[in-house]
Amino acid sequence: MVTAAKEKTVACNDLDPALLVRAYRVMLLARATEDKLASLYRAGMIKGGVFLGKGQEALSTASSIFLKKGDIFGPLIRDQAGRLAFGDTVLDTFRTYLGSAKGPMRGRDGNIHRGRPREGYYAMISHLGALVPVVAGGLYARRLRGETGVVGVTSIGDGGTSTGAFHEGVNLAAVERLPLVVVIANNQYAYSTPNSRQFACADLLDKAAGYGIAGFKCDGTDPFASLETLQLAVQAAREGRGPQMVVATLLRLVGHGEHDDAGYVDAALRQANVGRDCLEVGATQLIESDVATADDIAVWTKEAQAEVEDALNIAQREKGPDPAEEDWQAISTERLADGHHDLEDE
Amino acid sequence: MVTAAKEKTVACNDLDPALLVRAYRVMLLARATEDKLASLYRAGMIKGGVFLGKGQEALSTASSIFLKKGDIFGPLIRDQAGRLAFGDTVLDTFRTYLGSAKGPMRGRDGNIHRGRPREGYYAMISHLGALVPVVAGGLYARRLRGETGVVGVTSIGDGGTSTGAFHEGVNLAAVERLPLVVVIANNQYAYSTPNSRQFACADLLDKAAGYGIAGFKCDGTDPFASLETLQLAVQAAREGRGPQMVVATLLRLVGHGEHDDAGYVDAALRQANVGRDCLEVGATQLIESDVATADDIAVWTKEAQAEVEDALNIAQREKGPDPAEEDWQAISTERLADGHHDLEDE
Amino acid sequence: MSVTYLEAIRAAQEKALADDPRVFIYGQDVGSFGGAFKATKNLAAEFPGRVMDAPLSEDAIVGLAVGAAIEGARPIVEMQFADFSTVGFNQIVNQAATLYYRTDIPCPIVVRLPSGGTLGAGPFHSQSMEAVYAHYPGLVVMTPATVEDAYSMMLEAVSIDDPVIFCEHKLLYYHLKADKLPDTAQPVGKARIARAGRDATVVTYSAMLHESLQAAEDLVEEGWQIEVIDLRTVKPLDTDTILASVARTGRLLVVGEAWPWGGVNAEVISRVATEGFGLLDAAPMRLNARDTPVPYHPDLWAAHRPTASVIAARLRQLLTQ
Amino acid sequence: MSVTYLEAIRAAQEKALADDPRVFIYGQDVGSFGGAFKATKNLAAEFPGRVMDAPLSEDAIVGLAVGAAIEGARPIVEMQFADFSTVGFNQIVNQAATLYYRTDIPCPIVVRLPSGGTLGAGPFHSQSMEAVYAHYPGLVVMTPATVEDAYSMMLEAVSIDDPVIFCEHKLLYYHLKADKLPDTAQPVGKARIARAGRDATVVTYSAMLHESLQAAEDLVEEGWQIEVIDLRTVKPLDTDTILASVARTGRLLVVGEAWPWGGVNAEVISRVATEGFGLLDAAPMRLNARDTPVPYHPDLWAAHRPTASVIAARLRQLLTQ
């Protein structure tokens, strides 16, 4: 049983430059996608909420970039970047927000609830914490089938750690010694609620020992540190060392949703290290470590924006679902459909 | 914020001999009561389950004996002793098991679900963990009203620590810095489920730091140690040092309920220190520390048995509730009762 | 001046806090932020220490309220969305709802559930859970449909000694307006004839009241006079008012936004069929949402729940059968 | 040889485990202990690693099952008592029930709920939650009343691709016996005429089937022939069989053990009233438990739920009105 909560300060030197570039480009793509979502929201072109992960791209990318085909990723609200790194597309992102019938949710569910579970990309429900045992269950089934070396990653916020579902899920994963990595993005607030009204432990990482699982800590505004930490955590899980908890500190640089101006965020936090923009930090890191030049980054940024425009153009031309063609069935076994549907007669 | 998990090995010398005697006599009374409940069950005189706390009397007594009028006690399944120490009576115990209309539950609820909430003695529902936030809420209301120095104690098993309710409740209490003492009776099993299938932490006390609350540990088979530990914990809570977690190791010396022969319990555990009978340990302690003689204890035992017989005699003569006289209302506001009660017409 | 449905809820909470020191509010983001929908705006500043942000723990939030109620407090707890009350479900249906029956101690808590569908809200921010709670003994379930009721029923919810599930409809929050807050109110537990008529009775509640009133209006030019009853509370359910109306009209349509299996509509029809069978001139009818999760896309959503035109169409069937 | 209702459930799980490697069982004490009621006795030894003790975490237990189902497994999870499913409620109604609609991926899990009242079981070990689950889209809710159905419906529950809430009645566990397990079965989703009659129809399910059959028997000497329909599944609800019976008898009594507000009884009456209004010769009736928590004392419990004599009395009213 691994009980020691390890803390690791990371240098970038373990990471392949190609990976660093790939990760950074995902971050750029996520940012460009979200910037576009924000404008669409402001233009009234998205019905319902828009929930962005600005400032969390580094951690989110790191969460899934070490996963392979056959692994499981259960992203949460702020994981636009991690989704893209795991194989989600900008097109499917827009399709889901715009309700395209061609999107993975076919207009039935929207925004951050998208996924392609058959491909290991699970689709969250809104209830925070609820995804933790589901990802654990996916891993459990894989092991039962004899598959080894599979890893599952899921993420949660500081607020989500207060849910019973989080607790039960992490504890169950620990008992079953499942290869689950739980990434806690401690962005200081749950909607408007500061950490002081959310938990009383000195450090969220103190929770790891309480579950008897390994713990890692990193600066979530630092892409290199996030990558190296997640690489270690994913590797440990893959090697059979049971669940791993990663606690990253950072700040969300937008509102909870685009309707929210985040006026409650402490100005001092915005100025502090925790309030850094990981894209800026990453750019400096890449340049200083000679992995890329400022020009490279400018080009990638343009390319990301172009990709976003292209995807949006496609998604905007796609139709939404036709209510008349829906089967309006919530179960798959047709013969067991309950016959009583008043609205159908209309 | 108190985050250090303290461990304390206790000597008996801090405790008033009168308290030691009182505690031991409560333990004897609880044991005598439960022995009688077991025979009533075997004789088919109790309908429904009988759930006993044999082996846990020391810890349970210690849990509530330091509480005062105005404090809150939220006992669980194995707390016959703690209930008695807090002011519950043997008579009400039998009344509740036998369904007497004069019992605090008036035949509406039974066995371990009894309480007198107005007197700070809360009545558990079956769902484990669910009482934790309720006791926290009681303390919250007291503080809001300006009362200080109030303490609430509630208990939970090793199994109950896996519930979301436990987690949410303890965390909330920590955030609110409520004077709550949570006593975890780690009796090695949840029904038949051993700790190895319940949690993976090295020690349940490791959870305290994860909530940012103080932690104590004691040998739950040792009455003196249990008393001294709880005295410290209750005092710390009373002094405003926030929630306190006490983890005690012991074994339940009966089945989960009287229908259960506990055949799943590891024989080695029964032989080990954890399998000691706290009543025997307590007797030795009292005698060795010159607080009582073997004769005293024999007399007290007889007196406890006599008290039990007397109470049973009364309870057995009392009537159950008369269905025809029940109001069959689940809400107190009569004018808002829903008018639709088919069975009433019969 | 005009006041919205949401402002009425806020004003009622403000008055409750001002009038009764036992009242406090507990819920996620209800403090200085004023709540996800601003139903507690400024209340934390106005009533220091009595309007508190809770951890993200619905089970513990309701549990805390029950404990506080045992000690004589009168907590109002806000669920951020009704849909999230599923994780506080056990404390509501097994702890709060059983307390009085078991221990003779009332449990005066109010659980606010921002309920019902809105544009683009999708499967987990749109649910109508009134029927689930009404099924459990021990709960009062309120479903105000007007600004006046939002205000007066919230006040009464706080003042009665029993647990109240207060289903406020999000679609009405900002758009539904009244000139002013009411001074008097119909007693809780009594349904209201929102529109008098003689040809058929529509029984409905919450946001569907407005769709139903619109449908009734649309049928006027076809010569039909539709009576529309607003249930106001679904538990208790005011069977008498319903039966009296059906006695006049002989025809019944029940309209609700919740799912079709069971629920308020089934209960209303069942009561009329069992207790007022002879009053019916034609088979009663009902309109619910469809039996799927509430869809995200506006077009799907519009086809998922009853709307005025669907209600009107169904009424035409009812009137001519 | 004879086989009990409980043994049938055990045998069906055994067969499912033997026939399909994707099946596994997860729940508190289901492993070497064989479950609180012994519904999984010896299965852990027979199928190593596939029948596992779970931590005391209903939410996580159901969540695990959903995740496993996504990966193609077919988990059976046991709640120790139906009443405890309230703490796994969110995973059932929001995670499992919505998966197929949202993602097009079926969710073949079975949630076993030991349901209903027994002597001295009290408020938290007696509940009947079928109506609560049936209200939610996306769930199949089975309520077997016979040994044969306990067996064949459990097999079908495991084999269909959708989440099944399997409400097994604890009162039937040990006492209800059959000569042997069935080879064939009526399809799930079809109700069964448990006793043919011509004077009135009783629609019922689960343990109340046996009270209703007894009542029907008691009325024979008074010259009445009562038809008794066992719903078998409450969602889907086999409206056709009910309507066909009411068409023959003209009279309907619905009997259930759950609470009166809403629920199966309301849904059945509502369907008959809306779809078979003309078939009724008299007002339909219903019998439920009373609207309080299920009481502990045997005398209160006996007065809380319908029994054969109460059903017979109500039938006499129905037959003579």
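Here are a few things to note about the model shown:
By written order: A, B, C and D. Residues from 1 in each chain.
The rule we apply is simple: a residue touches a chain if its C-beta (ideal position, glycine included) is under 8 Å from a C-beta of that chain, and two chains touch if they have at least 3 such contacts.
Keep in mind the model is a prediction, meaning the values are calculated, not measured.
Ranked by distance of CA centroids from subunit A, the top chain is B.
Subunit C has its Cα centroid 40 Å from the Cα centroid of subunit B.
Between subunit A and subunit C the centroid-to-centroid distance comes to 35 Å (mean Cα coordinates, whole Å). Inter-chain centre distance (subunit C to subunit D, centres taken as mean C-alpha positions): 30 Å. For subunit A, residues touching at least two other chains, in rising order: 105, 108-109, 113, 125, 127, 162-165, 168, 171-172, 175, 197-199, 329-330, 338, 340. Chain contacts: subunit C has residues 54-55, 57, 59, 83, 86-87, 90, 94, 97-98, 101-102, 123-124, 137-138, 235, 237, 261, 285-286, 290-293 touching two or more partner chains.
The touch graph of these protein chains is complete, with an edge between every pair of chains. Contact residues of subunit B toward subunit D in the complex are 46-49, 99, 105, 107-111, 113, 125-128, 159-160, 162-165, 190-193, 197-199, 264, 320-324, 326, 328-330, 338, 340-344, 346. On the subunit B side of its complex with subunit C, the touching residues are 104-106, 108-109, 113, 115-118, 122-123, 125, 127, 130-142, 144-145, 164-165, 168-169, 171-172, 175, 329-333, 335-340.
If you check the complex, the residues on subunit B that touch subunit A are 1, 3, 162-168, 171-172, 174-175, 177, 196-202, 206-213, 242. On the side of subunit D, the complex with subunit A involves touching residues 24, 49-50, 54-55, 57-73, 75, 87, 90-91, 94-95, 97-106, 137-140, 160-162, 187-189, 233, 235-237, 239-240, 271.
Contacts from subunit C toward subunit A in the complex involve residues 28-29, 31-33, 36, 52-57, 59, 81, 83-84, 86-87, 119-125, 260-261, 285-293, 295-300, 302-304, 306, 310, 313-314.
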